[in-house]
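Next up: the structures, one after another.
Each of the next two complexes has chain A plus one more chain, namely chain B in the first and chain C in the second.
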Partner chain A sequence: MVQQLTTDTILGRLSESIPVIASQSPTPHRLYIEVPKDRVKEACRILFEDLQGRYTITVGTDRRPVNGKFEVLHFFSFDRDNIRMAVRVFLDPDDLTLESITPVIPGAGWAEREIQDLVGIRVIGHPDPRPLALPDGFPEGLYPLRKDYPYNYQPPLDEGKTFPFKEPPPDATVVTVGPFFPVLEEPSQWRLFVDGEIVVGCDYRGFYNHRAIEKLGDSVLTYNQIVFLAERICGICGCVHSTSYCQAVEEAAGIEVPLRARVIRSLILELERVHSHLLWLGLACHIVGFDYGFMQSWRIREPVMWLAEYLTGSRKHFSINLVGGVRRDIVPDQFDRILSVADDVDRQTNELVKAIQDDTALIARLKGVGIFTPEEVRLSGAVGPTARGSGVAIDARRDHPYAAYDLLQFEVVTHDGCDTLARTLVRIGEIFESLKMIRQCVNLLKDIPVGDLLGEIPEEIPPLKDGMHAVEAPRGEVFHYVLTGYENRPYRWRVRAPSYQNIQSVPMMFKEGTYLADVPITLGSVDPCFSCTERMEVVDQGRSQSYTLEEKDLLRLSRSKYRALKATERK
Partner chain B sequence: MKEGFIRKFHSKAFGRSLWVFHTNVGACNGCDIEVLDVLTPFFDVERFGIKLVGSPRHADVLLVTGPVTRPMVEPLKRLYEAVPSPKLVVAIGACAVGGCVWFDTYNVIGGVDKVIPVDIYIPGCPPKPEAIIYGVALALGLVPKKVGPAIESHEIPMEVEDILKELTPSRPVALPVNPDGKNDNGKQDGEGA
Partner chain C sequence: MIASKIRQILIGKRAGSVTLKYPFEPRPSEPGYRGRVTVDTDKCVGCGGCADVCPARCILITDVSPFIRIIRRYLDRCIHCGRCEEVCAYDALHLDGEYELATTDRKDLFIEQKLFMGTCNRCGRCYIPPTPLDRLMVVGFRKDEDLDGETI
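Our next item is the complex of A and B:
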């Protein structure tokens, strides 16, 4: 039996080897500790390795207007014990360096590169200190997230600078994929190193979608405007961002949300999960060339979108949340339609899943592809179905209950397959769990008397209070950190989307012997969907020839494999 | 005369099935999945011959979503050049139309028309699939325009009319019909047939 952790035991364990400067535990589930600058790595190592905490994110803040210092926070989660904590360190503006924790926690790689780019804190000992977030040629010495940087200043870019891509291994061919991914997700660029058809390595350049959301949040907008900005972080799972942001502010300001509002939040979140998972299922089928599945699953999904529009007024950005509660009630007249849509989706998804599971060629395309072991999940900090497909049962809904999830009965769907098939099955299982929860939410709403939808909100939200909260999005855990500020807006707001960790884990899934034709579905399986790659440039190093493959060629490669499997099956 | 001329040009250039290439230059995916949604059974634009293609070289129409982030400016220009003329550009969503909430932040250009010429704007955050279909139908001339320019700037000069009369009806040529030297598509280089 592993010892149950509390905030006190964590603090005690850390104090044994590290001089803790200050600690603060506003609730039994939250802990903030301040450590000296030279002991940060050691503290993170203890939390990550000895206490088996899950790394969440690193946040850098320019606190100069307040106390003349910079601040870095490393966040960890203890999912079994419902504790979230932060290791805080203050840095002097004259010596803006910090020891990197990436050698211990590989999942911190991007977050540390990001504070280097945006806040200007130099990370020492980082294995890959290349720029990450800003466009190529952004002038050095300018850091957008510092308080003295105006949100709308666009410095001239140095045209001559290009991104320092990794050198491919000798004798490998470079396949550039991107930066346009025209059908679904953000533009990003992958450089795959291939030997024949076998992938031997890869390099990633992303952040083409960096829209300065956090900067807008802490310099222009107000608390309640950010809710709608947060929703526009992602068009597929926007509601999780706004819920998570609202909960972080509510935690910092001590606002109590009425029960009816919490149930409505849960209902909308589950509705969003159903549509997102059906969307993903369709795209996964599309990637491997099973277009019947694509069309069917989007057909099943459409009534869910209509229901969302009926309940909230919008198909995508539901705009249902406000700090302190929700904007709209769900009235008894609407219950019947919710239940009938849930029944229809349940029945039709069952039929579709049968068709998918009977298709041996499809199963063969998914099974054993993109192996991702539980140990790699821990190292990379992957979350959501990506982690649960490797048998790691982490789910913010169960581990850190929020909204009305403490009142709902549901199972955390996991699978031990560790491959793309497992991740698919987890998502399929979650569709049914979500439908179950939608029905429970409707039953709860029947019992809860109609009343306030907004909690008591103080005249002024007190400044410099920390709040962190996470919501289980369709893709994994969305984490928001808010430091309240002056003038009715946060001082610092940090968003960690699940794909931030999941995309970092993709290189780990390209195991030895991965075929080029399996790359799209492996990338797709973590759900930064990759269905239509615009253009690939193949450079054959040995013959120094260069030719261009287009998206249809990559899809053809992916699909012809499916057809070949189908043909062998018929024989 | 002018209506007939423009319609003739359209029916010649974009008369049959439209092939569209869809690109995201910083969008949140909201518009992107709505664009994909119009291809699926409930909306099914393939019945109009509209088909999503994988390469800009095959496309007649460029659908652009997103407010154009700074790293995407050059790729978007290259993409525009890769689409063969005559071409249409459709800006989908509030971001592509005018930059949405992030129109002036440090990493956003704010609107597709600041980088490449845009023909059709489909506002909405995100626009409904019906709105996207309507916008493309407008581009094709299948539905009448709700608003137009107040000043009669489309009048074709007498000399041009004379030239047009001489041309065979099967081979209309897109001539500069606007005072600024652009044809009705906003392009300099639209060659009729």
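Our next item is the complex of A and C:
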């Protein structure tokens, strides 16, 4: 029996070896501790290794206008005990350096590179301190997330500067995929180091489409305007961002959300999960060349979109949330249609899954591809179906209940396969769980009297209060941190989408002997957004030639493998 | 493998063709759809509440003189969240079911509204007089001036 952790025991364990300067626990599920600058790495090591906490994100804040210092927060989550905590450290503007925690926690790599780029805090001892978020040639000494940087200032770029890519291992050929990536929706560039057909290493360059959303949030928009901006962070699972943001503000300001609004939030979130997983299933089939699955699962998905339009007024950007509650009620007249769509989707998905699960060629394409072990899940901080496909049962809905999930009965679907097939099965299982929850939400709504949908909001939200909240998005846990500020807007707003951690885990999935043709589906198994590639470039270093591979060539490569497998089946 | 393929064919057969005939057949939106923004300029009192909440900042207000307030709505930038409809105290803004808003001219999605306002004797800022009769008695007159023609 492992000892149950509380905020007090965590604090006690840390105080044994580290002089904790200040600690604060606004609720039994939240803990903020301040440690001296030179002990941050040690504190994070204790939380990560000794107490088995899950690393969430690192946030850097320019607090100079308030107390003359910079602040860095390392967030950890204790999923079994429903505790989220932050290790806080204040830095003097004259000495903006901080010891890196990435050697201990590999999943912190990107977050630390980001504070280096955007806030200008130099991270010492980082294994890969290259720039991450800023464009190539961004002037030195300018840090966009500092408070003295105007939100609309665009400095001239030094055109001559290029990104310091990794050197490939000797004898390896570089295959550049991107900057418009065939699998992920974001523009991202992967340089795959291949030896023949086998991938021997990779390098990533992303953030081509960094939109400065966080800067807009803490310098231009107001609390209730950010809700709609947050929703537009993602084109597929927008509602999770707005819900997560609203909950973070509600936590910071102490706003109580009415029960009916909470149930409606849960219902809409589950509806979103159903459509997102069906979309992913279709695209995964498409990527491996099984277009039948793509057509059929998108056909099943369409009524879910129409239902969303009927309930919220829009197919995709539901705009249902506001700080304090929701904007639209779900009335009894709408219950029948919700239930009938849920039944239809349930029946049809079941039929489809039964039909394709014996398709041995399809299964062979997924099985054993992109192996991701539970230990790697922990190191990289991966979340969602990516983690649950490796048997790591973390789910914010169960572990840190929000909205109405404490009233709903559901199972956390996990699978021990650790491969792409396991991640597929987890997502399929979650479709059925979500449909179950949608029915439960309708039953709950029948019993809850119609009333206010927005909680009581104080005249002015108190400044400099912390709020953090996470929502289980279709891809994993979406984490939002809000530090409330002045003039009706947050002082700092940090968004951590699940893909932020999951994409970092992809290099771990390219195990020895991964075939180039398996790369699209391995990446696809992590993040369900596949966008169109315009072109990609293959550089054959040995012969110093380069030729381009169009989207269709890459797909052909991926699909011919499926056909070859099918041919062997027939023999 | 063969059984699986047969089952797949049966599902496809049963579903048939599901492609809609749109745009050759109309496809009305669901009730409550947040589509085109329409403004009832008779009801609008120029309070600026919509400009205050608009997340995309597509509603902008300029007071060109103590008597004239201009509200410009750049609806090509609209994200159809419907906040303006929600906060309008005079029921002047509505989002209707129209969604075919694609155009080659941004001006098609631009609404400019000039409001004749009263002036507060104490602060000098614009306000709308409560009744149409009061509006006639407000000091001043409807100006016929070029209002800095730049609109889009």
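What to note about this one:
Convention: the second predicted complex is superposed on the first by the 561 of 571 C-alpha atoms of A that agree within 3 Å, B and C clash if a C-alpha of one lies under 4 Å from a C-alpha of the other, contacts with A are read in each partner's own complex, and residues count from 1 in each chain.
Here, a residue touches a chain if its C-beta (ideal position, glycine included) is under 8 Å from a C-beta of that chain, and two chains touch if they have at least 3 such contacts.
Everything numeric here is computed off the predicted structure, so don't read it as measured data.
Of the two partner chains placed by the overlay, only chain C lies in contact with A:292; chain B stays clear of it. Using the contact criterion defined above for the overlaid structures, shared-chain residue A:151 touches chain B, although it does not reach chain C.
By the touch criterion stated above, A:351 is placed in contact with chain C alone, chain B being left untouched.
Of the two partner chains, neither chain B nor chain C is touched by A:68. In the superposition on chain A, A:224 makes contact with chain C only, while chain B stays out of contact range. Using the contact criterion defined above for the overlaid structures, shared-chain residue A:164 touches neither chain B nor chain C, since it reaches no partner. The larger set of touched chain A residues comes from B, when the choice is between chain B and chain C. Of the two partner chains, chain B and chain C are each touched by A:317. By the touch criterion defined above, A:462 lies against neither chain B nor chain C after alignment on the C-alpha atoms of chain A.
Judged by the touch definition given at the top, the superposed model places A:28 against neither chain B nor chain C.
When both complexes are aligned on chain A by C-alpha atoms, chain A residues 229, 232, 295, 299, 302, 317 touch chain B in the first and chain C in the second. Within the complex, the chain A residues that touch chain C are 221, 224-229, 232, 292, 295-296, 299, 302, 306, 309-310, 313-314, 317, 319, 327-328, 351-352, 354-361, 569.
Interface residues of chain C facing chain A in the complex, by the touch rule stated above, are 1, 3-5, 7-8, 10-12, 15, 18, 29-34, 53-56, 79-83, 86, 95. Note for the complex: chain A touches chain B at residues 134-136, 144, 149, 151-155, 157, 179-187, 207-213, 215-216, 229, 232-236, 238, 279, 282, 294-295, 298-299, 302, 305, 315-317, 532, 534-535, 550-552, 555.
Chain B makes touch with chain A in their complex at residues 21-34, 36-37, 40-42, 52-56, 66-67, 69-72, 75, 79, 100-102, 104-108, 125-126, 128.
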